[in-house]
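Let me give you the structure first, and then I'll get to my questions.
Note that the chains take the letters A, B, C and D in the order they are written out, and that residue 1 is the start of every chain.
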Amino acid sequence: MELKQSARPNLSVTVAGMELKNPVMPASGCFGWGEEYARFFDLTDMGALVGKAVTPRPRPGNAGVRIVETPSGMLNAIGLQNPGPEAFLRDVLPRVRELGIPVWVNVSANALQEYVDLCGLLSSQPGVSAIELNLSCPNVGRGHAEFCVTPEAVMDTVSACRPVCRTHLIPKLSPNTTDITALARAAEAAGADALSMINTFVGMVIDIDKRRPVLGNRTGGMSGPAVRPIAVRMVYEVAGAVSIPIIGIGGISTWRDALEFLMAGATAVQVGTASFFNPRAIPEVIQGLETWMVDHGVANIREVIGAARVPTGG
Amino acid sequence: MELKQSARPNLSVTVAGMELKNPVMPASGCFGWGEEYARFFDLTDMGALVGKAVTPRPRPGNAGVRIVETPSGMLNAIGLQNPGPEAFLRDVLPRVRELGIPVWVNVSANALQEYVDLCGLLSSQPGVSAIELNLSCPNVGRGHAEFCVTPEAVMDTVSACRPVCRTHLIPKLSPNTTDITALARAAEAAGADALSMINTFVGMVIDIDKRRPVLGNRTGGMSGPAVRPIAVRMVYEVAGAVSIPIIGIGGISTWRDALEFLMAGATAVQVGTASFFNPRAIPEVIQGLETWMVDHGVANIREVIGAARVPTGG
Amino acid sequence: MPEAIELLHAEVLDHHEVAPDHWVITLDAPEIAAGARPGQFVMVRGIQGTDPLLPRALSIYHADVEGGCIELLYRVVGPGTTRLQEHEPGRRVAVWGPLGSQFRLPEGDRVVLVGGGVGVPPLVFWAERLAALSVPMEVIALIGAQSESSLVGIDRLRRARANVRIATDDGSQGRKGYVTDLLPQAVQSARATIYACGPTPMLKAVARLGKTLETPTELALEAPMACGVGACLGCTVPRREGGFARVCTEGPVFDRDSIDWETL
Amino acid sequence: MPEAIELLHAEVLDHHEVAPDHWVITLDAPEIAAGARPGQFVMVRGIQGTDPLLPRALSIYHADVEGGCIELLYRVVGPGTTRLQEHEPGRRVAVWGPLGSQFRLPEGDRVVLVGGGVGVPPLVFWAERLAALSVPMEVIALIGAQSESSLVGIDRLRRARANVRIATDDGSQGRKGYVTDLLPQAVQSARATIYACGPTPMLKAVARLGKTLETPTELALEAPMACGVGACLGCTVPRREGGFARVCTEGPVFDRDSIDWETL
């Protein structure tokens, strides 16, 4: 294992024309708008900032227990607590723009028109580099139905948002589906610039003493290392089905995990739950990738994207 | 916490007319045909014996790496290694019949007619108490397609097997689907006596040094504690959608886990991966349930089935 | 720039059992010790493995600024605390803090501490810091436990010159019954301030009594936490004015009137 | 009735580092010690938590029948061995065994042991048992390691009167190169039997040489394992006659000719 040269390796990637200085960013809802983690590291070290979901109106979030730990994972039923678009534009955006790294805004809604309106409003704001369209939110009522777990629904929503979206449009897919490649192809056909995948799995923990579900909302979204192998498989499958870039998400907590997603075909990755149990997870992933590249003589991170993909039939 | 009485609690349950002395049995493929675990405990303590899959013809199984550990779980790509129906009937069935507990035979195939033929053959053998129809096997080729992840396919397969099946017919559902209640309803409508759920999630681990998937088969089935919250949620949902009994499966390793599934609405449970990391997992689950019942004055285990179910809208 | 939080892989300097299943762990954490205020907590986690996954919140029991170490007192109740207990001296744990709000100085000259179970640690730290103040203060500590064997921190409270009164569920020490039964008398005829920490039902009772007795009351709450730093929004409790407050950030110490106790 | 396997929560009696990252753990396990045969292994797992989930296979390094304990020698390479290493004396681990096949007695009067890396432990146990036989036997042990610092078990081999020859990758001790380079000379002009354990590439080379030298050869294989007892079918290797053999049950010790080395 000879070091090719000791020059700093190039970690930059391009996601749908957007240049990121490295492929690592936080996952929506797992990093606030960065203010808490600014106390642990320099936010400008990240490839981009992805904030928590903005919904058409302010949402107080769910009552009762909102999180519960599971084996190597957790369930959350936060209920998209957020102050709404006005407060976001007034209090948050001006501050995070100042960071000088791309800012992605995650948009969640309950109805098609709401997605369209919100997308139109937020995508035209200077400082918003991309709209991440949260097509999956199991925690906002309507029984267990999710907004977009069928290709038709994904197609409709992305098609409707595309014309009004003045910036990059990145649908975020739900894994609670039979064939994730069908959702991905629908999103691509509807004009998506990239895909974020995956969101959380719907899960439940029962309190055997109280004889009822632990979470106030009964079910919650499962995230964390436990789900990583399913997420890697989905990224691997989708990388073979579409040609737009993929942002890999699900259980990434170390640089090794990030490499798995990149080698499966992701162009960038998001770190979610890991920030909760290691507030420095994101900078450690970035640093770890860089060290690995130096140790393995990899000059450009783009070399490893899709490196583990075996030709079909192989 | 007063003990109601010190009489031994009643752990027996009825699954589709079949009386089980307790609701705990091994999951298919995780217990051989019991011979290995007979060295750790008395097999007749179990509610039933569920053996590994029988396929239309002998199968050698997959080449290359077959298992890999994941956070709180594992992937397997065994490839349904089994000696085929003739060897099963000759070498295995006569021995396991002697145990005197119900014997369930798990049946896997690649084509509808194969299911029908095998089901007809095996279900008419004395000593076979139930056919567990494995409608999900991600590890036997044909890319990543699974046999029965749509309600239509489940309906077709169960409908075709029902007339030829001379004993209880228990389809085992795949979790790799958008709406598990739709699969469950299809199976019920087609005449299933009960439902086993769930089988494994399709997952992948990438070896970052070799830059390729660890498993010879690339993908494998994820099982173990990691998947439990998703399995509990699915059982909870299906218990509200069908009226046939459910056998809960997925990450059960302690009596607490088993109680979660029972309270979610399962009538019985299967212990899979846990036997690998604790060979006495099954007897410990049974003993733990009994102790819990004594401690909580629960005379009959049937009292707790569905106990955590909250009326919809609540 | 917001204040930095220290994230350390801190060495375990000492770890011993102080009562059945109750342990005191001492961590080498100078920066945390220096900033620690009574009522605040840290998040602690073993470094290896992903089960248990999440860090656990533990109140600061003692901060030795000069020695550069902090003490935490915890009860082994589940996987997180079981895992922590396995860390023998010489090993390291991930720890970050100090986190959350602190007890505010009392207005009058009498302080009534009300602690139940493992709610005692932050009150001990508070009593020690109050004793170190130049202003003379009467400190009454009402301590509740299931039974004598799970009483912890009593010696330290006494050393901090607190007047300790005990209630146990089984009457094995002190008064048999709830610690809140001792409250009215302790508050009586004085400009007292109540500081409470313990199980939620106890806190509800204290908040109610504090209101009845018209006594300023601060309560340190618990909630399931993922991040401990304000990011996950998992630890919320309902606010009286509507919406939710994060126990890890706006709390754990809340003023009696800021919480909607009925909905909690 | 098949033979029973002991499943114990065994106390760690001793645990010490014998070389950088190489540890010897002694477990109180009388039933396992009594039944243990060279080549066999046990499955070991921490009792708490589900990550790491699966038990790890470790060869029996020494079985003290009278003392009722077994020793395992392992290298810390990943999560399972890291977790094991955390178990200080007095703690317990889940352990079951003895498992798998054993080395069979040699036919001639010379025994050549070939061990690489952490393949040495079962060979040490075998050398000790061979030394205890009434039949005099010439035992040559060819031991390979990356460098001097990761050589383990050498003293024990010498104590068992083995003639130890060493090869290291970096030449820091013994011959520089592969341990298999030493094999032809050791086998030369004698009715020898080869017993090998180590990394798969080494075993392949030994199997090939054994064939060339027309020498009976037994090889202890490794494979990723879930159950260790034959149930999961996860640990299979291709058989020469077709199909697969389970390393945990038909192995870990296999005859040279039973394995399809090309496909492996």
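Here, a residue touches a chain if its C-beta (ideal position, glycine included) is under 8 Å from a C-beta of that chain, and two chains touch if they have at least 3 such contacts.
Since the structure is predicted, the reported quantities are computational estimates derived from the model, not experimental observations.
With centres computed as the average of Cα coordinates, no chain lies farther from chain B than C.
If each chain is reduced to the centroid of its CA atoms, chain C and chain D end up 52 Å from each other. In terms of their C-alpha centroids, the spacing between chain A and chain C amounts to 36 Å. Distance from the chain B centre to the chain C centre is 46 Å, each centre being the mean of its Cα atoms. Contact with two or more other chains is made by residues 50-52 of chain C.
Residues of chain A found to touch two or more other chains are 70-73, 224-226.
Viewed as a contact network, the protein chains are fully connected, with every chain touching every other.
Of all residues in chain C, only 50-51 touch chain B in the complex they form. Listed in rising order, the residues of chain A touching chain C in the complex are 29-32, 35-40, 52, 60-61, 63, 65-74, 76, 78, 81, 224-226, 253, 273, 275-280.
Chain C makes touch with chain D in their complex at residues 48-52, 79, 82-83, 86, 88, 91. On the side of chain B, the complex with chain A involves touching residues 70-73, 75, 143-144, 149-150, 176-179, 201-208, 211-213, 218-219, 222, 224-230, 232-233, 236-237, 251, 256, 259-260, 263-264, 304, 307-308, 310, 312. Residue ranges on chain D touching chain B, taken from their complex, read 1-5, 7, 45, 50-55, 94, 96, 224-227, 229-236, 238, 242-244, 249, 263.
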